[in-house]
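Order as written gives the chain letters A, B, C and D; numbering starts at 1 within each chain.
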């Protein structure tokens, strides 16, 4: 089976998720700079989520670059991955209600599930194409998963550490990426 | 006529439907785990609808795989199919108001119309390409339609049976799929 | 210049417009069949707008089928056409507030501008490809434009005639289409 | 690396941004022509933002026309560009609250960041493809950036000049475009 429609469908879903998050925010009520400063933390949260979705899209298109064979398992692993990503806007928005234990831990669990389902998708694609490359990505995925678990655990007592964990991973992805 | 734009347009519509449903939900007002538990049934409803749209996308791309001839009848049968799918978010949201007879029966009727219009689309594509394959899909479609009718009928007196019917079909599709 | 990205972008915009209209509706508050009957006129309005956008997508893909040369004029004529189509959800929603003179006439003007800008796009594509085909479409476009003008004029005194005009055109397109 | 998915993803994001802005507006409450006149400034603002996004899409597809080589730097420069564009609907909506200093200056800063990130993307694509063409675009980009800075500075004392600056640029792009 060809991967072209899987790629087109995934591009559509990722494009919607990344664009739709900014729609969730209400424009500041006051038309003053104070009003603008009030939405800055929300903007920063949007930037972090944008970096996550952007990185996942980047990884997704790397993954299917040159590996065009897909089977039913890959299709469902991809839908599973998109399901967890589609929960991003919902939990990003909840986090804006306040960085308390529940929203912070929930956001971390979504990050964790995205990382796990992304790794599982990678595995399925490798199997379908009978290849073993992209080892560097595997290491980064494991480090990310460990950091997310630390983040979720920290949510209950040390919210600042959780926030730092969640912000560290996309920066690591950006700086350690050696795309050619 | 080539099917490439029909596929691109359908991918777009399905990507939007599947992603937009989660936007309909409001983030829990309380930033506590109690607030999270309160939205769990809604999340489960989203999961079921996600499985339905995902399965339909899966079927759609299987259908057009290797059958590239389309005519005006296929174009309109496809738009008809997309019309019924586009009502999914609306009736998913109504169901969240309460699993009473009216929303349950209406949800079942939408499921039924999706299944019927999907089968009709399959028929039109087969005719345009003068082929007779994919018999296995026909049987699953008939079983699904029967289960939906049982579900709609049960909505009035036995809501639990209706819910079980609606949840059974996508699980059947997932477990009986023999994609290669 | 190749038309592939113009087609992809237009597919995206049309897919969003056609899907997004249903999001504008609120699910009925009551979870009873009375609540469902109350939203039926809105559903009918959605069906009419869906038929319009579906027909325009159908025409659009017919237009670019086999005519792959585009220039700057075609690009801007296409953006102009998409602009008028993008106003559909807004004016469909206003119409739901009540079928009074202003919303009815405004809806008719949008229909008119869509038809005019669609014809202009056709003209630009023909010029860029130095061809003269699709005469049958020209006649249908002129008839549609006349009916829209009658519809807009009727809005002020005979709203029922305006509604019938707006519903007649997509039915004419559907029944007179001789796609092959 | 091929640019096909970068183009598809960007088309998706741009199609959503351009379509979604009109959803932000509420239909007029009154179903009279007075109600329609009340939303005219908002419609004009939508038209200006539509022209901006349309022009950027136009430039984007010109840029990748015939330059198919992309690397990691191009991918991230493209995501950076899409990030600034995705803030358009948010700041367009804020501007509707009133054309005071803060929203006007903020809108201008977004325009500025879009222009800067677009020029940076152009630079990265040129480097990846080892080419030096499209000098005319460079000049227009510099003029635009200067006008935006004048616009932002004017926001604080001369809002009318700021508005004229922001409306002048897309008209310049439209009239000076020499697409072939």
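Convention: a contact is a pair of C-beta atoms (placed from the backbone, for glycine too) under 8 Å apart; a residue touches a chain by one contact, two chains touch by 3 or more.
Because the structure is a prediction, the values reported are computed rather than measured.
Chemist: At the chain C/chain D interface, shared numbers over all numbers used: above half (same) or below half (different)?
Modeler: different
Chemist: Note the rotational component of the Cα superposition from chain A to chain B, reported as an angle of 0 to 180 degrees in steps of 5.
Modeler: Answer in degrees: 90, to the nearest 5.
Chemist: Distance from the CA centroid of chain A to that of chain D, rounded to the nearest Å?
Modeler: 26
Chemist: By residue number and range, which residues of chain D touch two or more other chains?
Modeler: Where chain D meets two or more other chains at a single residue, that happens at 8, 12, 15-16, 20, 23.
Chemist: Report the residues of chain D in contact with chain A in the complex, numbered from low to high.
Modeler: Of all residues in chain D, those touching chain A are 1-2, 5-6, 8-9, 12-13, 15-17, 20, 23-24, 71-73, 75-76, 79, 82-83, 86-87, 89-91, 93-94, 96-98, 100-103, 106.
Chemist: With touch defined as at the start, can you tell me which chain D residues reach chain C in the complex?
Modeler: Contact set of chain D toward chain C: 7-8, 11-12, 14-16, 18-20, 22-23, 25, 27-29, 31-33, 35-36, 47, 50, 54, 57-58, 61, 64-65, 174, 177-180.
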